[in-house]
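Pasting the structures here.
What follows is chain A paired twice: with chain B in the first complex and chain C in the second.
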Partner chain A sequence: MNKRIFAFIDEDAKKEIRRAILKAVAIPGYTIPFASREMPITRGWGTGGLQITLSTLVEADTLKVIDQGCDGSVNAVTMRNFITSVTDVATTTITGEASIIQTRHRIPETPLTEDQILVFQVPYPEVLTTVEPDTAAQKVMHANHDYGKMWVLLYEDTAQFGDSRISHRYPVEINGVYLMDPSPIPKYDIPRLHNNSALMLFGAGREKRIYAIPPYTSVQPLKFEDREFSRETFPGIRCERCGAAGVFFDQVYLDDGIHYYCSDTDFCDRNVAGER
Partner chain B sequence: MSYVAVKGGSRAIGAAKSLLQEMISPAWKLDNNNLRDGFSFAIDRIMGEGSLYSPDLALEAFKRAGGDVMDASIYLRAHRSSCQRIGCADMVAGSRMRLVRRISSTFKEIIGGQILGPSSDYEIRLLGRNNHNTASVADDPEYPAKGGTRTDECGDFYFGSALQPLRNDNLIKLLPNHEDKPHDVTRIFPLPPYPRSAIMQIMARGETGAMLAFSYTSMRGYGDVHPTIGDLRLGYLEVTFTHPFTGGTAVIGEIKTTACETVGSFIRDPADGTMRLTTGYGFCFGYNETKAISMSILDLAMNYPGFTIGGSQVAANPEMIIHHVDAIESMGFANHFKLPHYVTFQADLQVYQKARRQEEKKNE
Partner chain C sequence: MMLEIEDVSKVYGTGCSDCLELTGNRHGRAICPRCRSVVAVNRVNLQVGANLVLGVVGESGSGKSTLLKLIYRELKTSAGSIYFQADFPDGRKRLNLMELAYRELSIIRNTHMSMIYQDVRRGLNFLFSAGGNIAEKIIAAGERKYDAVREQVLQFSEKIDIPTERVDEYPETFSGGQQQRIQIAKALASSPRLLLLDEPTTGLDVSVQARILDLVKVLHREMGFTMIVVSHDLGVIKHLTDLTVVMKNGSIVEQGLTDQILEDPQHAYTQLLVSSIL
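Then we have the complex of A and B:
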């Protein structure tokens, strides 16, 4: 491996990725195709997020990597180790200290700031895949703002099951224009995309798409006017470690029954440290 | 109380990596030359699917992956991403191949003759020592053909495609070419409608098993492609590079390749209304006849979907092929399901419980 290159990817590729990011920021919610280089981790394991992070990082950055809200999760550890081995940037587990946060499946509980970039790893960048697998047809539907098939899916689910069956990757409308896949975050995190102070970048390596939600952009879940958008709730539950309530919890089955802990481990740590 | 460890993951991951290294460590004791040349079909697949022509790097990847060919090809792809591109080699033509093997099943006799070369086609697959696997040509004065001992030294034959006489007689339909220069899928992934050169590139890097499976659907019922192999060739192609400033051309090496041309059914050529035969083309790094044949069938199926009968067009749909033959992508994604998914599963459970409560309310 060529260790002399900062951040592993060759400079031409970084330039291409940065251009795609700029384009993505300019057209919120629109998926920008890019060539997507192969990374030394397997495709489907966050190579899109990784390419964005590697192309965005500078020496002065402080990096945080989480998976399911946890800094110690297997893939977060692998990813962080690789990134630091090719960049030497400082890392942190503390949300407030990070300038770039790469995440899979969660948005940190601690509110983000304008100085932060949140990079999402994305398996399915195309929100319409569920109802229309053909790439050409998807493009036409987006161009015509034709999301009828999504509405029908939502209607059929609501009629049969009382609500949408989509539990994560809930379709969202960005800036009143494009329908977008927010990556597999739970519905709990969906309202937290709306008007967020941080720049949010989405990378799908395998599917070769980059997209973005710029700071302070309107993000609305697809829903009927007369229906509430229902997030996951944990009524009466408190974290057994830090005592927090009203956040997203991990449910853990042990010999002595079910236990609940904060899904965001840094949020939990800060509470235990008495910083809140 | 066993709280799910926040920072305990690193040690366990380190241990898992060490266990793997220990398990496959004997690989590093194997002799490089013997392994690279003796297991050349594995090395060829790694180079082809890894999309990087380097037997030595493929060998290292083979060892690092403990013999897993798919995994090894990821090492080569990843290596590519760290290399700056200095330019593009000149285009090669399959007809210029220094042949090691070249056969045709469309004609009994072809210009240049049927050159069987090194092939497993005539092997009786019996284990153990038996009459079928002991060499029987020791006394043949004409073996080896040109006096060399290794297959890459014995050939000095160059012949055009065995289908050339049919082309000369204008019996073969030519596909229109709308491209000034080939698309480069490693720099711009194509959007539909997909240029043929892009589909061909993706297939040339495609996984042998996936290509075989898709082409097989076309062969046995979900399509009507029952092709005849017009020209199947194994050999070496010279790679030349034109200097960007001086304009001088230099030979930078040879690549070992497989190419295959298959003949399909006939079709009315829109160019002049004449009936002409259709063909498909397959090409890949190294010796891999299964893949080259499969690719030529898929090329045929995609360009002449009219041959498809019944069922849905699986092999004839570029959308289906272009997104599903790359092993780096498919095997990566299949394996990603091992990653923690407890947040999304938690969300699934809540939706499921809500639907059940709704159902119970209805039944009351």
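Then we have the complex of A and C:
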């Protein structure tokens, strides 16, 4: 009795989650239902990503956890503390040293490698929810590559606002087959999904879904042939801490005005340390 | 023939071996006395040539709407086949609509046939703008360039007399007649070969009805497609169609040229129908 289980989740549950992950990797972009166990965190606060991380970790792994690019924000710190308290794995804030990176809403600026796994926390796994609330109808639409309604959304935004209004959770087509919700990463990060060297796993604990983008998979944002996919640009802006330009910035409102800092804190730290 | 309906029946209920024999016009009933199944369509044979307009008339419950739903494959036949001839994207020239998988069916519906419903809420998506609804059909037919989609949307909105500056508004901001015209534009945006109309003007006031019918006539002349119009309004049938079939208790009781049927009805039921015009 009272024997401590490695990584909190019992082995049967881990097996079920790993099977879901394997199926997700085998069918890129398709959402796989899983049981979603009770976690000591409220559903909707990253339990999907957490369950994937706990089921994937081994003793030799090095873990990095970020929330909106930051290793030090509350969600990242509590996740990291919980995972190390049940596994004793080494942790790092350096992107290049991590073997598993759990993330909320960002992809690190430093390119990932084949030896890394990126685990996303996902609030809304079903990309078609905005146009078709009926889950049975969504399944039929996915099965038949019937994404006309998503195109209409894109058409309406372009007609009324000149471009898509979607700033995050931009719909992407995986391997030319399934349309997928990439979790609330900014448009800025969307091109990084394409042909990435790392395995990318997506977990939605509240919605009980797991899906994946295997390494080197084609990921294309939904767009008209005669329109460019435009992502956020920050013309003339540099990080006030490290001086970097052309990366994704946090906008910080202080009494003396608006300040800009790198959203990816590790990237900023490496710059300050003079490693780039 | 563009559309060949061969021995088509639709039975609701458990059905038995005698259903088709014990019902239909000859017996004056649509409910099988042995198994109590409803025979909505009873061994209907019908052929429609290209660019012709066929009217289907009959009282409520005669099976005319069911027949239309079978052609659009919203329902599957209990027996019989419906063949559709056209140049299909996969190279085939003639296919049995009853044998199509969902994917093939949605391609056919997006490129070769369209349905216009009495209830606009069935034909239009009220969460999309008027232009978005028209665009949905153009995009579904394969267009992936925004400028081309937009241009066609504006062209169609002009054709149906919806001011182009209102094209991005939502359907509920339009009047009933305008909504029906938007539905017509949506149905025709993919340049279908076959247009199915289920009571297209029922519930609209008379002047709006006339305008819709004129619009359909003009578009039919301009674009060229086969039409099947289901209506219990003989005025609509007279105005639009070349040929007419009269249905009762699930079977066809009379068919021929529309003028002939309206001027010189042979079957007792048709005579009653024609003499009942107010």
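Simple rule for what comes next: the second predicted complex is superposed on the first by the 273 of 276 C-alpha atoms of A that agree within 3 Å, B and C clash if a C-alpha of one lies under 4 Å from a C-alpha of the other, contacts with A are read in each partner's own complex, and residues count from 1 in each chain.
Everything below uses one rule, namely that a residue touches a chain if its C-beta (ideal position, glycine included) is under 8 Å from a C-beta of that chain, and two chains touch if they have at least 3 such contacts.
This structure is a prediction, so every number in the text was calculated from the model and none was measured.
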Point to revise | Overlay on chain A: chain C relative to chain B, clash or fit | key: fit
Exercise for review: Considering only touches as defined above, state whether A:13 meets chain B (first), chain C (second), both or neither.
Suggested key: first
**Study point:** Vertex chain A angle, Cα centres of chain C and chain B, expressed to the nearest 10 degrees
**Key:** 70
Exercise for review: Scan A:186 for contacts with chain B and chain C and give back first, second, both or neither.
Suggested key: first
Review point. Now for A:26: first (chain B), second (chain C), both, or neither, which partner does it touch?
Key: neither
Exercise for review: Look at the residues of chain A and decide whether chain B or chain C touches more of them.
Suggested key: B
Practice item. Please indicate which partner A:158 is in contact with in the superposed arrangement: first for chain B, second for chain C, both, or neither. Key: second
Review point. Between chain B (first) and chain C (second), which does A:58 come into contact with in this model arrangement: first, second, both, or neither?
Key: neither
Exercise for review: Pick one for A:245: touches chain B only (first), chain C only (second), both, or neither.
Suggested key: neither
Review point. Between chain B (first) and chain C (second), which, if any, makes contact with A:273: first, second, both or neither?
Key: neither
Point to revise | Superposition-derived minimum Cα distance between chain C and chain B (Å) | key: 10
Practice item. Jot down the residues of chain A that show up as touching in both complexes, chain B in one and chain C in the other. Key: none
Point to revise | For the chain C and chain A complex, residues of the former touching the latter | key: 102-103, 106, 110, 125, 127-129, 131-133, 135-136, 139-140, 144-150, 168
Review point. Which bits of chain A are touching chain C when the two form their complex?
Key: 131, 140, 143-146, 148-149, 151-152, 155-156, 158-160, 224-227
Review point. Which positions of chain A touch chain B when the two form their complex?
Key: 1-2, 5, 8-13, 16, 33-40, 42-45, 47, 67-78, 81, 93, 104-106, 123, 133-136, 139, 161-168, 184-188, 206, 208, 230, 232-233, 240-241, 248-252, 254, 259, 261, 263, 265, 268-269
Exercise for review: Spell out the part of chain B that touches chain A in their complex, as residue ranges.
Suggested key: 1-10, 12-13, 74-75, 77-85, 185-189, 191-193, 319, 328-329, 331-336, 339-344, 346-351, 354-355, 358-359
